[in-house]
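Quick heads-up: structures coming right below.
Consider the two complexes below, in which subunit A is the common component and subunit B and subunit C are the respective partners.
Right after this comes the complex of A and B.
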């Protein structure tokens, strides 16, 4: 008898109390975002999908020295060097496994040729594991990109040390 | 003080010493030691660039600065002799400042292209800049850049040899390469030109850096100025793992280090693993680049079996079943003895020993031999030869010998590391070297006296030496004089065509020498008369007591030739080895033993019906090509295991893919009798298997398991090796009566066949780098002979002997005599063995110009 009475009180008194919270939220500004129609603003030094930079004349900057792979804490970078017809060193194979990558940016800091940068792209979901292994073709930009926060930092440091950009 | 006492104990009695203080620690070293070495003895590291343990000090990099009390300025420790009472500081502020300045100075013109440089990660300059350098640059000007010869390229790399790339911008002018080339190798194709900022290391005008030791120059370069093309832009050094191995191409057993990737799929390069007892850290190019035979894609992939005259791929199971069936057929038809076993002396101990057991116990045949490339008799006792070729020999004892005789040996081609030892003995210890050969060789450039005897008169020359020693009263001849002919030294000298005075001089040098090293080479061991020559050498050894004051040996040629002899892979092994084997196996085949030659004769007569050839290529190497081919064609069953398809595998009924030396753990015995291990660096390629596994699989298929475990085999081998000691020479003189050889007017020129300096055996042409050094056979002749025959460098010459003819391009040599030509045997495209006759002692040919 006592239990039935308690349940009755819960239904009549406590349930509307709970629903009140729900109803209140109908008139508040939502916390979630209307993705993909709307997007969160990004931090200036956001580290997203990598890209391989080119020189102004269109040639590749990466010489496949292996320092990014050596610096990588997640062992996500794999590369095989090769030689072109002028005897210049370049990457034959350059792969980054985005599932392994922790987007720490050590690779762009290690890079002595200013070839690899972490870009602002973060929407690269695919439906297979293999799809996350990005090859050199996917990483290499068709034209040199102008701006990034990291490039600005590099420029500032060069100015401090009075070093001209090579080549 | 404790150091000084401790060090003094290790110095031999009677050697003058000096005592000095380094960083507050007192040490005693022999007089003449440099301050650098004294410091190293105490475990104090002084950084260097230009110093190399095996070269004379130069002091050009000035990195090894030390401060010495009472000396006003910093001193270079690598070139400064330690003196009594010296007080040395290696780590004072002044020294640190000096080093910093030197690094800054070196970096002045050094490009910052470490990312592209192959040396990155193992570079002395990187390491020492990190340790001692400054972290910013005060240099405001453009760095000097060498661009001559490299226009149109962003990199300034010049190819100065088939396998060497030079980048002059990276060079720090330590001269190590030039000095090593000159001092250690006796080559002058690299030099330093100009002065000051524009000073550069470059090849000599019009020359290629292609000497047989050129790979070492790359290895000792402290920066990336000299790099290898085989390692160029392949992998970073920190991504590789190393495996210690030994060289499978030379009998010295040179120690090497193989660089492989994590997955054990590929070897990237070979470097030295310095062992002062054997190689001093120098590798011949055939050792350095020979690893490529293991990783070539042309390797045999699966077993092949012959079906309807065609070789088709098969599985191991099918192949083994066929082997079993065919061997049983032969057994049923003829009995057990009609099987022959020929094996390569480059295989490891376990393979050789289990092969010997397979042939002798399982198949019950006594026909087993490891010598495919020598002329021999069908049945020969060879006791003296075996005894003379298995003397106790120490490579490091060459260093302090004062008389060195190289007899019948083209050392650069046959024993490159011993050649470097002899150079060292000459340069550092002023040894007298005598080079005695039928033709002029490169190694004679260090010789005090070069003697050229007439082709085919080796034993006369040795007899002449004995006689000269007796005549000069330097030795008690006993009954020797009656046993040898001719009877006087002058007569012998006349027959050999050498000056009698020179003969006397050599005899006197050997009789009076403090320590004598006598090396006989392939021209003795390949000769059909090697029994006679060995007897003459034994006489000389006994007469002059050479064993007591030095060493005498006919050096074996292949990686495990010495081991094959010790393990009894001869038709008639020495008594001791035979007894030990009988004891181990409990059985010894009754049948008459046959040498390779005897086997081939009996194959032709169809008395030997089956043959197993393990890792060898008789068609290409046997000194009578057609004879070997015809014999092998007559066989009912031929089983060949090899790395590649060869002429011999083409004749085989079953071909099995053999694993290379880098693909399994193997032990090899070098020419000193030192057992060394080559570790497994790779997974066996394709379906290949190591030799001992193949032998075991065949035995198992026949129904006779050879060994329960590999340990059992190893135990047998170690018992054998321990039990077989150096045989004492018999206490008597041998009869040596040289046979006259009739000359042939029609074929006037003597032909010598051997290895090219960049090749060894029949497989090295598959190594790309070695192929780049020399990719096809040639005929080497003097310019005078070429002039007489109206031939120029590069012309095609027709070379004819009584049995065959070939066409090869001409190469003019400055070192060969006028009546002798040389053709390398390493190239399957040129069938040089077709010119040879197995029954002749000397091969004679005639040469004419090919007219198009």
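Right after this comes the complex of A and C.
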């Protein structure tokens, strides 16, 4: 009898309180986004599609040292070294397989030349497996870049790793 | 007339099995006579993969076991390796780790609450739980750049320093969360439908719970006071003031209340951690084992050499074996690492809480109704990534 009474009290008194909680949400702003049109802002450290940086004069920063490939836990990076006419070392082939990549950012941490960064792009679906293997041309940032985009990147990365603006 | 039982196959693709768990049910009418969980559909060989990798490269593997609480997994593995290498981490790292691990406890319990209540018919609950979880993944994103597979806790410290807006984000979360927890209570605690589905369902006695070597909320729900954070403190948990939530009867309703209380206690710990966060370096200074700071790599030859060596070749560990258990959201998560003196672990064995807890499923649901099997699976709080590894 006591059980039934308690159940009755719950149904008559407690349940409407629960319903009130859900009812109140009708008047609140929705927290979902109209996704393809609107996007959530990303944290500064967000790890998305990679890109290879250049020096300000347009030459590549990457010296094909292989540290990023060594650090990669998913073995997603492949490279072949070459030399340019001045005898400087650079990568002939530099590929990242985005199907293998887990976007851990170890390559960015490992790079001693500040050449590879994980950017903001995350919508890069394609319809073939080959399309996911990004070659050096696709990864390198276009040369004449808008104002000091490069400096911005470096500044961002130094902030993350706690490096002073000294060099 | 001859009486026959019917064999029913629940899963591997069943929404209430939370992944790819298969349960073979032998039923007599509506009653379950025998329940046999079958695991292995998500086996990815994580332990073996970890053995083939350098110590630091195995950290991303740990994220992928219990993907609902990645920070706890990172923490367990890193503590084990630090024990093996005898590394003492700075004070700030300990506090930050505690803060993050407790956040991951809340995150895991929220997903559990959402899915468990949804299995029992309360669909709006899952929406609310995931809304609050969003705040935590935002904190993770600010810390490590990833929302789920964070890989933020590293051997000897953290990947990067805590972000500048860390405190702001956490305080915002701390401010909003208690009211939200009260909302959940209003929705479920006195809800007759929920009570009838969970009270006296999936009961396990304290003695049985110990004999099945359960841990975490499954064990404490039966009234056994066991919590590694208190019994065997790691990462500076002895500095924090919190209570262990306990259940009484060991049914699903008790465990629901216990997990809610655990979230409240976690909020308390996070509050203390964020108030008393010491300042200092975010990584231990152990050349050759812990990566040197990026600044040194750019300016100092010696650091660059250590960096090259560490990235390409890892570090050599002393011979021996260690075991480190931590109180993960789902129970005792243990890492056993045996080393033969090379730069790769000889054997990594994980003691996954969901796997061990899942073994008691027959005890929970034999003799009950078929629909209670859903409740029993939900109340154990399994993550198949961890069960199968």
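Just so it is clear, the second predicted complex is superposed on the first by the 110 of 167 C-alpha atoms of A that agree within 3 Å, B and C clash if a C-alpha of one lies under 4 Å from a C-alpha of the other, contacts with A are read in each partner's own complex, and residues count from 1 in each chain.
The rule we apply is simple: a contact is a pair of C-beta atoms (placed from the backbone, for glycine too) under 8 Å apart; a residue touches a chain by one contact, two chains touch by 3 or more.
Predicted, not measured: the structure shown is a model, and the values here were computed from it.
K.L.:
Check the residue A:39 against both partner chains and state whether it touches subunit B (first), subunit C (second), both, or neither.
P.N.:
A:39 sits against neither subunit B nor subunit C.
K.L.:
Mind working out whether A:103 is in touch with subunit B, subunit C, both or neither, as first, second, both or neither?
P.N.:
So A:103 only meets subunit C here.
K.L.:
For A:81, is the partner it touches subunit B (first), subunit C (second), both, or none of the two (neither)?
P.N.:
A:81 contacts subunit B only, not subunit C.
K.L.:
With the two complexes superposed on chain A, say which partner A:67 touches: subunit B (first), subunit C (second), both, or neither.
P.N.:
Once the two structures are laid over each other on A, A:67 reaches both partners.
K.L.:
One more residue to check, A:89. First (subunit B), second (subunit C), both or neither?
P.N.:
Touch partner of A:89: subunit B, not subunit C.
K.L.:
Classify the contacts of A:161 with the two partner chains as first (subunit B alone), second (subunit C alone), both, or neither.
P.N.:
In the superposition, A:161 touches subunit B and subunit C alike.
K.L.:
Which chain, subunit B or subunit C, is in touch with more residues of subunit A?
P.N.:
Ranking subunit B and subunit C by residues of subunit A touched puts C first.
K.L.:
Under the stated touch criterion, which partner chain does A:112 make contact with: subunit B (first), subunit C (second), both, or neither?
P.N.:
Touch status of A:112: both partners.
K.L.:
Once the two structures are fitted together, what part of subunit A is touched by subunit B and by subunit C alike?
P.N.:
Of subunit A, residues 66-67, 70, 112, 161, 167 contact subunit B in one complex and subunit C in the other.
K.L.:
Subunit A touches which residues of subunit B in the complex?
P.N.:
It is residues 114-116, 120, 136, 152-155, 157, 232-236, 238-239 of subunit B that touch subunit A.
K.L.:
Touching subunit C in the complex: which residues of subunit A?
P.N.:
7, 10-11, 14-15, 17-18, 20-22, 31, 42-47, 66-67, 70-71, 73-74, 102-106, 109-110, 112, 114, 118, 158, 160-164, 166-167
K.L.:
State the interface residues of subunit A toward subunit B in the complex, per the touch definition above.
P.N.:
Within the complex, subunit A contacts subunit B at residues 63-67, 69-70, 80-83, 86-89, 112-113, 161, 167.
K.L.:
Enumerate the contact residues on subunit C facing subunit A in the complex.
P.N.:
It is residues 53, 57-58, 60-61, 124, 131, 134, 138, 141-146, 149, 151, 159-161, 163, 183, 186-188, 190-192, 195, 282, 291, 293-295, 297-299, 304, 307-308, 311-312 of subunit C that touch subunit A.
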